[in-house]
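Going in written order, the chains are labelled A, B, C and D, and every chain counts its residues from 1.
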Amino acid sequence: MDKLQIGSTELESRLLIGTGKYSSNEILPQVIESSGTQVVTVALRRVDITSSEENILNFIDKKITLLPNTSGARTAEEAVRIARLAQAAGCGNWIKIEVISDNKYLLPDNYETIKATEILAKEGFVVLPYMNPDLMDAKRMADAGAAAVMPLGAPIGSNRGIKTKEMVRILIDEMNLPIIVDAGLGAPSHAAEAMEMGADAVLVNTAIASSGDPVAMGEAFKLATEAGRKAYLSRLGPQRTVAEASSPLTGFLR
Amino acid sequence: MDKLQIGSTELESRLLIGTGKYSSNEILPQVIESSGTQVVTVALRRVDITSSEENILNFIDKKITLLPNTSGARTAEEAVRIARLAQAAGCGNWIKIEVISDNKYLLPDNYETIKATEILAKEGFVVLPYMNPDLMDAKRMADAGAAAVMPLGAPIGSNRGIKTKEMVRILIDEMNLPIIVDAGLGAPSHAAEAMEMGADAVLVNTAIASSGDPVAMGEAFKLATEAGRKAYLSRLGPQRTVAEASSPLTGFLR
Amino acid sequence: MDKLQIGSTELESRLLIGTGKYSSNEILPQVIESSGTQVVTVALRRVDITSSEENILNFIDKKITLLPNTSGARTAEEAVRIARLAQAAGCGNWIKIEVISDNKYLLPDNYETIKATEILAKEGFVVLPYMNPDLMDAKRMADAGAAAVMPLGAPIGSNRGIKTKEMVRILIDEMNLPIIVDAGLGAPSHAAEAMEMGADAVLVNTAIASSGDPVAMGEAFKLATEAGRKAYLSRLGPQRTVAEASSPLTGFLR
Amino acid sequence: MDKLQIGSTELESRLLIGTGKYSSNEILPQVIESSGTQVVTVALRRVDITSSEENILNFIDKKITLLPNTSGARTAEEAVRIARLAQAAGCGNWIKIEVISDNKYLLPDNYETIKATEILAKEGFVVLPYMNPDLMDAKRMADAGAAAVMPLGAPIGSNRGIKTKEMVRILIDEMNLPIIVDAGLGAPSHAAEAMEMGADAVLVNTAIASSGDPVAMGEAFKLATEAGRKAYLSRLGPQRTVAEASSPLTGFLR
């Protein structure tokens, strides 16, 4: 069966989801269910370490792999601290590194991210760095021990699709570790397209959370991700400039 | 439940498929099954009226609605003759009008198509005209009794996607009858996108038939079509130029 | 020298401009000058037949070819009447046929346009029909005596560029009369692109008239139109998926 | 007058050109003339230090600012060495840093490029780093003393246009030093578009050198670059989804 391996974990679902921007945490279990996701990212800040009823972890089934993220970190050092706090809080050893100091476009800082990747991979974390798609930096992240790389499609929350297609395609072509397209995917067709290009998985948050019906939208992304994966495995036909008839065109009535 | 009504028929599947270009007819039943389609288009020329074993109709389950097409017609008159032959051959009263005299791009002739639509609709056919997306002509087809219109996304068999997006979007916005995007859809993401835009259905042939694994590709298009429809019904969020954080960004460590 | 022939007129400039939407007619002579245009389209309604000082014709140099348009016509018959009025008012025998009954997208009605083309071409007009890009209809316009066809790039005034690229490209490939891309060109790069594709000319109105500096924008479109034409004549190199070094890459320091 | 300042030099032309891939050096003076360029980049390897007749510098007018590039460098250290050699060879103190270790897509290594920028800027070079468009790295290059940054539009020699539009737009929006779009510009419309977006200049090599007529293509890029700059300064009008009439539409004949 077609599975995605990250660290030592095998995943059947190739759709990862985020937990921000929902009107209420109450809806999360249904979105997790409808999307079929097996990996959920959570900003550590949302994790109430005192385990009150408000704790977002209460809304995430134990069978789900938690992917705490270092949202809020502006340097490698801060990311490392958040990662360790997440582990101490019982969030497991997966970590999505987000190092962002640009407040307008929320673009990742690849250089600081590479540094944090190296430190945390050595400590045994399964490290998934969020990154600006850059081949050299992806190679450095791989060398630093990343379990996958998460290139952005467009700025976080922008819903604009894979605006970085050229560079993501190159990462897919050249890298030997999983490529998870993250950020900017605003519609199921964007997720399908990423998968058709050969991405290994996608992460979606805003497009689901801010839709009119997050539960249905979660399912829509699930279907589209599966569709794109199946199409990739089945190989799409070539594009042509001129037409090619599906049906016989000649001589029927003549 | 969300159904598509064409003529007096209610459809749950919004993916129509074609039967051309398959390496063998033997695979058709599996593709019909995997794609979940309820409407299959067939060039009348492929229908062996003498009902030999080679007859393509033998490979299409009786519960499927047949949509014979007038492929090969170069004028309204020829299209009308083919439609009547199809009906006489037991193919039912649905007809997809294709009037094409351009051999390179296989572009439809809207004018002749409108004429054929009018004649056949009066004779009781459920008429689905294949068309170049043009608002005025779509209105004429509606006035002539079309049950739906089938604007092309790109030249037949080109696999290029919805290159006519601007005009298809206008048809969806302005017309009150079903819009079925036909021709040129080359990947599941294209089908999802058409549905997200608000198309009522899509028709796919080449992309499934010429893929490495038509049965799996049929399922991929089924999933993508459903994904796009669900997304449309659930309403996609707006696109933004700047970022919008999913996770809290401030003050965590400071 | 590279000239464009329309009817019996030879043009050096391949940029046609419109006269609507300017804050004042006073600026028109400067825009005509900066854009280098030799053909200016005018809605007959703007022509004051009593020849008052307000008459827009007073602002257009006599050496410019007037292209009165039938803006306001909803049928072929109305377009024909406007054309004859324009001629009677001394606007010459060129006519741009616009037949539009859709008030939201202002899309042309190809069918009525073909009828008007036929009538007016027989009366000796040099007929330039504004059209939805459709190969069959372009052929009918050619047969009806059109001197050129004017496919739209996007809805009038939308500034969106050549959204109908696929179909315009086919017209350029298949037709033997001049193709003038009209409507929707919102930036000089759009005009350059149309010319690079092989269009024979472009018509621009809104993008110049509604810019912050119409005189400078007129010159910008002039330069871009010339740039695109030169590039077309000089033949662009092929696009590649992978890189191809401009500079020697090997062995310099090793 | 609208000038571009780089280092202490004021430029009227915003089109920089490269010297690779020409069938012969003999044509260079004409391309420099037709393109109106004032800055020409040269791979140091092409500079024959022994000043033979073959020396490419013989074909470049003395009034042109030379921009030697470090093509062939795979590390910051190699780039620094090449820069110093260039200066010693009399090529002046401008340097375009290219550090590339990827042989398929020829993508720049931002990290090594930043290091070289810092060293060379301190030595008094006017440093123009070729880069993958990344906001954080552009800031680092600015801090390191770069005189401008040169983000790529697409892989070198690919002629594909500004595939990195989203990121280039962000650099233009956020950075205070000149942005020169380099690599991948394959047609004058691409150059015009970069300038319309607000880029300060463009660098073109392959599209001119490999066209059917490099001298004419050089002029085409010159015109397009000027067109885009003028359009940027004159401010383009907004894009609209629906139409907006240029001409009066109501009541003319009614």
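Assume contacts are C-beta pairs under 8 Å (C-beta built on N, C-alpha and C of every residue); 3 or more make two chains touch, one makes a residue touch a chain.
For clarity, every value in this text was computed on a predicted model and none was experimentally measured.
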{"item": "Chain B and chain A - chains in contact with each", "value": "none"}
{"item": "Furthest chain, CA centroid comparison against chain D", "value": "B"}
{"item": "Between chain B and chain D, centroid-to-centroid distance (C-alpha), Å", "value": "46"}
{"item": "Whole-Å gap separating chain B and chain C, where each centre is the average of the chain's CA atoms", "value": "34"}
{"item": "Euclidean distance of C-alpha centroids - chain A vs chain C, Å", "value": "46"}
{"item": "Shared-contact residues (touching 2 or more other chains) in chain B", "value": "104-105, 107, 155, 160"}
{"item": "Arrangement of touching chains [line / ring / star / complete / other]", "value": "ring"}
{"item": "Contact pairs between chains, per stated definition", "value": "A-B, A-D, B-C, C-D"}
{"item": "Of chain A, residues touching chain D in the complex", "value": "101-102, 104-105, 107-111, 132, 134-137, 140, 154-155, 160, 163-167, 170, 174"}
{"item": "Residues of chain A touching chain B in the complex", "value": "18, 20-21, 43-46, 69, 71-73, 78, 81-82, 98, 100, 103-107, 155-160, 186-190, 192-193, 196, 205-207, 209-214, 216-217, 219-224, 226-228, 230-231, 233-253"}
